[in-house]
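Two complexes, one shared chain (chain A), two partners (chain B, chain C).
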Partner chain A sequence: MRKYLKDLTELPGISSREEKVREYIKSQVEGKVNNITIDNLGNLICFVKGKDSSKKMMVDAHMDEVGFMVTKINDDGTLGISPVGGVDPRVIKSQRLKIEGVLNAVVNSTPIHLDKDIKRVIKYEEIKVYAGFSSKEEASKKVNLGDMVTFDTTYVEEGNYALSKAFDDRVGCSIMLDIIDYIYENKLQPAFDTYFNFATQEEVGLRGTGVAAARIKPDFALVLEGTTAGDNPENPPEKWATHIGNGPVITFMHSGLVIKKEMFETIVNAAKALNIKFQYKMRTAGGTNAAKLAKTMYGIPAGVISVPCRYIHSPLAILNIDDYNNTYSLVKELVTNNERWVNYERAH
Partner chain B sequence: MDTKDLIKNLSDSFGVTSFENCTFPLIEQFLLEINQDIKLEKIGIGNLVATYGQGNPKIAFFAHVDEIGIVISNIIDDTFARIEAVGGVDPRTLVGKRVCFRTENGEKLGVIGFLAPHLQKPEDKDKSPSFDELFVDFSVSGGTKDINVGDIGVINVEAKDLENDQIVGKAIDNRAGVAVLIKSFEYLQNLKFDGQLMLSFNKGEEVGLVGAKGAAEYLQPDYAVVVDVTFGERLPENVESFKIGEGPVITIGAPINRCVYDDLVKTAKDNNIKYQIEAVPSRSGTETDIVQIVGQGIKTGLVSVPILNMHSPSEVVNINDIDRAAKLLAMFALNMSLKTKGSLNV
Partner chain C sequence: MKELIKNITELYGPSGREHEVREFIKKEIEDYVDEIKIDKLGNLIAIKKGHSGKTILFDAHMDEIGVVVTHIIDGGFLKIEQVGGQFPLNLVGARLNFKGRIGVVGIEGETDKELRENYKNVSLDNIYVDIGVSSKEEAEKYAPIGTFGVFADGFVDYGEYCLSKALDDRIGCASLIETIKQMKDNKHTVIFAFTVQEEVGLVGAFVSAYDYNVDRAIAIDVTDSLDTPKALKRMSMKLGYGPCIKIKDLASVSDREVVDWIKDTAVNNNIKYQLEVLTLGGTNAAGYQRTKSGIPSCTISIPTRYIHSPHEMICYSDVVDTVELILALSEADF
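Right after this comes the complex of A and B.
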């Protein structure tokens, strides 16, 4: 388990440029699932036949990460960038970046000797990315407008913690891959006909998953996420969204959606039955693909289960390995055990 | 000696002010690779001095070895700690970075975390955190149980190649200067230098020119040339700006002896070494400010390597500037020795 997490987080893949992540995932699931589809938006849909084919379950995690796009090539050979998804400009001063996953670059940072106002936030309008080019002409030979720019971060795992970029939401992708492996290696079947959707374009407004759902037409869905923690010393505990180490995060409500009561209870009861540590998300800011699914087709009910992560949408996020393992156990239980859904089905 | 490998190795080495001893062995190794016939000693407060040749003139090149860093100022709980700056650190350059601390229990990796935008208050978005607000998260190294107040750290990044012979690293200030001294010694091997060359690798510049004074007192050279870095950014409109890749910067001004400046410029011209000129009205902000007024006064010059993003983990240098500066220094030493011998013959 967790053997894909390092590779997944280190791959570059901003919204609409998920191809490297998609290829990697596809190469890992080939031969393990009944069918693989890549749709018009680039969603990778992996179908596994279930014990009960009267229902279709969709399990969803998004492949895209927040990052940047080259939006200008300056006369001096530096590059202007704009965020793809929500990246606070304060986390990128003097940061190391990769252009198209290959070219080394840095975010220029005026020396403190020349810019003494250390409270001032350097905004995207003034940020210049430097790859070593001295003119626009020279830069244009290797860099194009629209090129993908990502954080240059390598994965570290030590003790009970892992550190990397893009846990939002490669951690969800990783758990789906682990569950596909579990089902395949143990020659099992999921509870229902199950569609694992590796979604595109979540970070730019939940644009991928609805298209995938329109193809799948699921009865219900589980959305897996890497979610905010906020449990740091500058944030008083009453403002925390979650606390890493306290287990999988179960969402009752977030931006644009109150989770359907029976769905929420099904997830909570499964966690209780497994006797694992779990927590509720204490803040409702931020949304997930569940909000999109609720407004897709006939309205697809979805639950949200997340791994809590500190410092998401920055080059360095931290998660707790026990949280990962317990989230995996909880999702695995819901995907494979029909009994967990008896009450949910009775309500319909 | 490949200049890229040299500067990358030097920049990656841990050597925050007071921890220069971690970088000295690397410098000694590079010097001995060039010529075993060099005398290495630690003097005074702990500067590393390498002496080559004997007699007159006595020419000293100075470079500070220390880099800026951070220090643990307070342990908050079993996960988090607070930090302060060692030298001129812009707290904005620390946000979202990995940091590595030297502790008595080994190296400890931490993260300077930042709240995700989803949870931020709108009124906080317009200011960057100060040292009072920054914190280090030691989750990935077993928490703070092995961390003590006073433990010193750096931003944990490796030197990498950029396009066009440029290297980005955390401690180009002033390992670029260190590299220039080492490379100048290498160049000198092919020259008929007759005199004494002293390379002084100094401690403590970033907190106030601590090492250079003692070294100058001890060495009492006939000529001293300080090698440091300078800004490659656009400077205010009343001051000439420098470009990286356009050669070393030779300084003229109060903390520089005019004769040394003249000889450096003449050497550059005679040898077709591309250079730039910096006019310093009062102090240079480098070791020249103290070296020149040590004892009965020392004839002092300044050669700087222009870099980008000084005092950030993304300091950028063009290796051709290091090579040119090294060649300039070696030829300067040769010329001064020829000049001295010439005058002795009269």
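Right after this comes the complex of A and C.
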């Protein structure tokens, strides 16, 4: 288990440019699933036949990460960038970046003797990315407008913690891959016909998953996420959204959706039955693909289970490995145990 | 009908927790409709069959705005977040109902200066809820994290005007229930969609019409009444001047043909109406516009004062006129 997490988080893949992540996942699942489909928006849908084919379950995690695009090549050879998805400009000052996953680059920062106003937040318009070019002409040979820019972070595991970029939502992708492996290696079947959807373009507005769902037509769905912790040491507990080390996060409500009560309770009951530590998401800001699924076609009830990650949407996020393992156990239970879903009828 | 308005507005039903409201409506209408179903998101959909070959849909959302418990702090006080669009100032002094347990809101502030500042800038971060317990453990019994709360205030009948919580949009639900009871031998097939989770993002309305071929969809909802002292002066909706036919709000522009059809029907049937351009807000009409290949949609609004507060006020005659208009539309050719 967890053998894909390092590779997955280190791969570059902003919204709409998930191809490297998709290729990697595809190469890992080939031969292990019954069918692989890549749709027009780039969603990778892996079908695994279930014990009970009267219902369809969709399990969803998004492949894209927050990052940037090159939007300007300056006369001096530096580059201007714009965020793709929500990235607070305060987290990128002085950071290492990769352009198209290949070129090394660094974000400018004004020296302290020239900018005494340390409270001022740098704006994207002022950010210049240096990638070793001294003229526009030189830069234009290697860089194009629209090129993908990602954080340059190496995965580290230390004790019970892992540190990397893009846990949102490669951690969800990683758990789906682990579950596919578990089912394959133990020659098992999931509870129902199951569609593992590795979704595109979540960070720019939940765009991929609705299209995938229209193809799958699931009866219900589970959305797996890496979610914000906000449990920084300086914050009092009532400011936390989640807390790393407190187990998988179960969401009752987030931006744009209240999770269907029965779905929420199904997940809580599974966690209680497994006797694992779990927690609720204690802030409601931010949304997930579940909001899109609820508004798709006939309305797909979706639950949300997340691994809490501290410093998400930044170059360096931290997760707790016990949280990862417990989230995996909880999702595995829900994907493989028909008993959990006895009260669920076909959605359509 | 006032009894109905009292009963339905006093029910507990924040977004995603519309269970009581759904049961109530189902009992009220099931003997009067040809078909009734509950979809997977919890929308209650009832049909009265017609004979024109055309289908119109009327929508009212069952949910009301509320709050949800996100933390229980030492001493058993609750921290909350909003469910739907809350003005935090409205929470101060209000009674909240957490599924039976009443709470009141207090403001934090460790110095006079901080307290004054917090009173000026009330936010969910500087208030807490007191549910009359003395410990965290006790609070967890009554209102564990994830418990939804709504305003606890009840119905007041002034005669001409009525006051209650959750008139947004139980007054729409009540209008549709009354319509269903009065409707006989309707020309068009009429679908009544009592929808979920409007207040958090028009969720139910995006999917409630998916199974049907609907020719026209009309949301019945509330709109701001601007007949109070120093109200927003760019809009002109008033209590007592009849249902408002929406031209636009921030979420949708009504279909012109549907607007004209409603207007003509009101004129032909001698029903008072107002035209509405709302410079804020949105209704479920936006959801129907984007269902399948798009349903021509509009909203009929009941003017309401103090929307999203514990005390919303309507004029009863506007509700009666709305029911009449809906009944007339189910007979009106298009």
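As a convention for this text, the second predicted complex is superposed on the first by the 343 of 348 C-alpha atoms of A that agree within 3 Å, B and C clash if a C-alpha of one lies under 4 Å from a C-alpha of the other, contacts with A are read in each partner's own complex, and residues count from 1 in each chain.
In the analysis below, a residue touches a chain if its C-beta (ideal position, glycine included) is under 8 Å from a C-beta of that chain, and two chains touch if they have at least 3 such contacts.
None of the values given here were measured: they were computed from a predicted structure.
After superposition on chain A, the partners chain B and chain C are accommodated together without colliding.
Contacts of A:V91 after superposition on the shared chain: chain B is touched, whereas chain C is not.
Of the two partners chain B and chain C, more residues of chain A are touched by B. Within the superposed three-chain model, A:V342 lies out of touch with both chain B and chain C [touch as defined at top]. Legend: residue contacts after superposition of the two complexes on their common chain; A:L145 is shown touching neither chain B nor chain C. When both complexes are overlaid on chain A, the residue A:A214 reaches neither chain B nor chain C.
Of the two partner chains placed by superposition, chain B and chain C are both touched by A:R283.
Of the two partner chains placed by superposition, only chain C is touched by A:G299; chain B is not.
For the three-chain overlay built from the shared chain A, the minimum Cα spacing from chain B to chain C equals 9 Å.
Within chain A, the residues touching chain B in one complex and chain C in the other are 283. Those residues of chain A that touch chain B in the complex are listed here as 86-88, 90-96, 103-115, 118-122, 130-134, 138, 142, 156-159, 161-163, 228, 230, 232-235, 239, 241, 244, 283, 285-286, 310-316, 318, 320. Interface residues of chain A facing chain C in the complex, by the touch rule stated above, are 219-220, 237-238, 240, 252-253, 255-261, 264, 280, 282-284, 291, 294-301, 347-348.
By the touch rule above, chain C contacts chain A in their complex via residues 14-17, 19, 39-43, 68, 70-71, 73, 79, 81-83, 145-146, 197, 200-204, 206-208, 210-211, 287.
By the touch criterion given at the top, residues 76-77, 80, 88-93, 95-98, 109, 111, 113-120, 125-130, 133, 135, 137, 139-142, 157, 160-164, 166, 168, 231, 233, 235, 245, 285, 308-314, 316 of chain B touch chain A in their complex.
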